[in-house]
Amino acid sequence: MRYFLAEGWGSARRNVSLISLGTMAASIFVLGVFGLVMMNLTSVTGHLRSSIEIRVYVEDSLQAQGLEKLQQEIESIEGVDTLTFVSKDEGLKRLTSQLGERSGLVDILEENPLPDAFDVRVMNADMTPDIASSISDLPGVLSVSYGQGLTEKLLATTRLIGVTALILAVILLGAVLFIVGNTVRLSLVARAEEIEVMKLVGATNWFIMWPFLIEGMIVGFMGSSVSGISLYAGYLACINRVAPVVPFIPIIVEPAPVARLCTGLVVLGVLMGVLAGGVFVRKHLEI
Amino acid sequence: MIRFYEVTKIYPNGVTALASVNTQIDMGEFVFLVGSSGAGKTTFLKLLTREIVPTRGQVLLGNRNIARLRPREVPYLRRKVRMIFQDFKLLPNKTVYHNVAFALLVTETAPRKIRPSVEQALALVGLENKASAYPDELSGGEQQRVSIARAIVGDPSILLADEPTGNLDLETSWDIMEVLLRINKRGTTVIMSTHNSVIVNGLQQRVIELDNGKIVRDDRKGVYEGEAEHNAVLPG
Amino acid sequence: MRYFLAEGWGSARRNVSLISLGTMAASIFVLGVFGLVMMNLTSVTGHLRSSIEIRVYVEDSLQAQGLEKLQQEIESIEGVDTLTFVSKDEGLKRLTSQLGERSGLVDILEENPLPDAFDVRVMNADMTPDIASSISDLPGVLSVSYGQGLTEKLLATTRLIGVTALILAVILLGAVLFIVGNTVRLSLVARAEEIEVMKLVGATNWFIMWPFLIEGMIVGFMGSSVSGISLYAGYLACINRVAPVVPFIPIIVEPAPVARLCTGLVVLGVLMGVLAGGVFVRKHLEI
Amino acid sequence: MIRFYEVTKIYPNGVTALASVNTQIDMGEFVFLVGSSGAGKTTFLKLLTREIVPTRGQVLLGNRNIARLRPREVPYLRRKVRMIFQDFKLLPNKTVYHNVAFALLVTETAPRKIRPSVEQALALVGLENKASAYPDELSGGEQQRVSIARAIVGDPSILLADEPTGNLDLETSWDIMEVLLRINKRGTTVIMSTHNSVIVNGLQQRVIELDNGKIVRDDRKGVYEGEAEHNAVLPG
């Protein structure tokens, strides 16, 4: 066992050189950067989607009891999360602040023209249009508003972003696996001769294989650690400057999820290294 | 006991290197394998380490057909049957010491026995002072001697020596022959291919001569044929 | 010359094998995907930024002459692109349609409470706040509105996206250059011996170098062509399905810019191949 | 004219391969370089192709100090001074034919002259029928002969042969010697390192003997020393 470790480490130092290490580090780094972008994107689109809500205007004729009944009916619709009552007075206040500069308009009103309303939050933003139409069918509902049009756009956009990001992730991961695997294998080609000699001298397949596996593991670990650590430190350093500039974008600033991502990268690197080393010897051993 | 029974080896490119070879070599024998360049000597030896398998016929070691060994038995065959390769086959990124020690490592020899054995083998071939050199820092003859040391270090039961003195001066060659003969005395079967007429003639051992893939001569106490003749007819 | 071409081609076929070709193709593909994403992102943020405009409310006291003078003054501010007059009536119509569901509110108004206004487009969206404040200082201006708050957010966000994309582009390009260069070089390591022999046999440095350069070029060209073409075809095929789903997002659907990008990738691939080949021999020639 | 003036070669690892060597070899001479394994023969030859440069002293070819050649002059030196390498140095991904043709290609020989020259060279070493084989499909001796063919194909003005018959049987060796002697007759200077006493004794040419990096003998019409002595004292 001591022999294998010493051998794996020694040959990692002598042979694999900086090339496969660098390739491993570079690939893992790109993957990590992409992962961070994805994480933030998910956070942002999630935030956007969670800000979608349905405003249900209630007929003026409805009394307190009717309101309660309607509330229960709405709550019983599948997919409805929470529901808040917005009285006509509060509604006017909100409208005033929404109109901003043009709020002078409201001041000249003699009477509050707004009906009472419910604000409905749904569990899954994608279901908003369906739930809204179910609500509008209920008796006592005057009209339903969820930013029709805009919300559909937002949903379609976030869905497009999500699908694109997923496709990119698959492409990138595939490319990285391919590249790292091949680089590690290429860096071992010069040692096909060594394997040949070992076989001729009577080494068993396991004896030949171990150093390569350990070497792959070391290269994988070192390469991915370098980029994992620099990614972690670099991201947190950057983000602490960026976040205050765009406080309204929910960027990920806590270290925990970043640390999880980077640990995942290191594990991936080690796996790739071992696999590439293993596949390479297997091929040259012709077991 | 080694037996060749109707062994034919045809390489993938169509060259027939051995054609219906039949012979028998007993344990403990010392055999010279001679023949002109391309006659099939290296092919003959490679069949015994299963570096290649015969196209037809059988190579038997004891009662086992070498071609029929399972893949995981092959390493154990190669620990018993050691080869001094014509092209040395040293590991370029290991020192002389480690190249030789490697042959013991793979046989799972006890670590504390490795150093004395390696040092003894290097001393036998006269390379004590080159132990920490890398192969590309050695002269041709020195590389050849490392390859010899690696083959003899584990006291194999069969030693195949493919042209072990090709790059050596006569004095060093005799030293090597002394080593091989001593190993042979201890019971190791030695099969040595060579072009060195002086050595063959000097030792009077069994000589198998190959020509164009066929055995054309098999003499107990043979000599290197043709020497006298060529020594007389000088060119130029 | 015939020798060099034959040699370069022959050795490309025999040695470099599928590994550097595949690495080249994979890397260029990732780069291309990223390029396409960038192009679309630029298009979208550009669209968003170009939709920002400044609404300038004019004091009611201003007469036709005063309006004209104000118009000229606004137009003379640096960075102002175009300027449209929006009469109080038109303004009310727009407001009505903006309020959507809640437009009943407007119907009960007796008199149009809105002032006349100008819609000002600026050349560079980033200058919006500055220009707006310049305008608000002009005499005759009642108030200025450009979605204060929201616009700043939008600008900050698009800027963040732009900077992030640029940093990612640099990282990715660096990684690809590093990886491709090293893979091509690694695949040549087995031939360091060949170069050594050529030198010993009396070949001049140029004679040794040419086949490697040509080989690098061939690998670069083939690898990048494969991904360039598949990227071009794949993108257009995908986008023709995606675009109708999200008509409001200004995705790039014309083939021309995509073709330009892919051509650029092929050129990059060839350059990388030649460079990697060249650097490799130079190093082993020790010129 | 080749001149060694106080040439010392110390390798980076501290081994002194040549120590203050002085000698002179005229154009058209035939010289045997003998000495035990590790004596410095290969080092001596490598200095003439500038594969290595001396640590001290000068190696002169004509009146030029080889160490002082500009990098771009080196290829032209190596076209005039061809070497038969002890370890063959064949290109593994080229056939025998192309390995030999390569030596002509690099000298920018007219393409239509290449084929006949290569074929003639292969015939001289007896490998006409192996032209399309790759080096790893050849026996040791055949590889050696390819390396010889490559060195002689361009009619170099100086031919360095490092142990050219190490892997050859005596018959083939004599054939190779005939070729070298014929080339020498045409005016090419030949310096050949060898351990083959039969050949050295048979030809009675100038012999330079190295021992431990020093010239210990330089005989016109020399013989291989020590043969008689060792032939008598048999080991075992």
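We just call them A, B, C and D in the order they show up, numbering each chain from 1.
Definition applied: a contact is a pair of C-beta atoms (placed from the backbone, for glycine too) under 8 Å apart; a residue touches a chain by one contact, two chains touch by 3 or more.
Every value quoted in this text rests on a predicted model; they were computed, and no experiment measured them.
Comparing the centres of all chains, each the average of its CA atoms, the largest separation from subunit A belongs to D. Once the centre of each chain is set as its mean CA position, subunit B and subunit C turn out to be 68 Å apart.
Averaging C-alpha coordinates per chain places the centre of subunit A 23 Å away from that of subunit C.
Averaged Cα coordinates give subunit A a centre that lies 64 Å from the centre of subunit B. If the chains shown are joined wherever they touch, the resulting network closes on itself as one ring, and no chain has more or fewer than two partners.
Contact between chains, per the stated criterion, is found for A-B, A-C, B-D, C-D.
Taken in their complex, subunit D has these residues touching subunit C: 49, 51, 71-72, 74-79, 82-83, 85, 89-91, 93, 102-103, 105-107, 150. Within the complex formed with subunit C, the residues of subunit A that make contact are 19-20, 22-23, 26-27, 29-30, 33, 37, 57, 95, 100-102, 104-105, 108-109, 113-114, 143, 145, 148, 153, 156-157, 160, 164, 168, 171-172, 174-175, 178-179, 182-183, 185-187, 189-190, 242, 245-246, 248-249.
By the touch criterion stated above, subunit A contacts subunit B in their complex at residues 3, 11, 14-15, 194, 196-205, 207, 287. In the complex of the two chains, the subunit D residues touching subunit B come out as 11, 13, 15, 34-38, 41-42, 86-87, 133, 137-142, 144-145, 162-163, 166-174, 177-178, 181-182, 185, 195, 197-198, 202-203, 224, 226-227, 230-231, 234-236.
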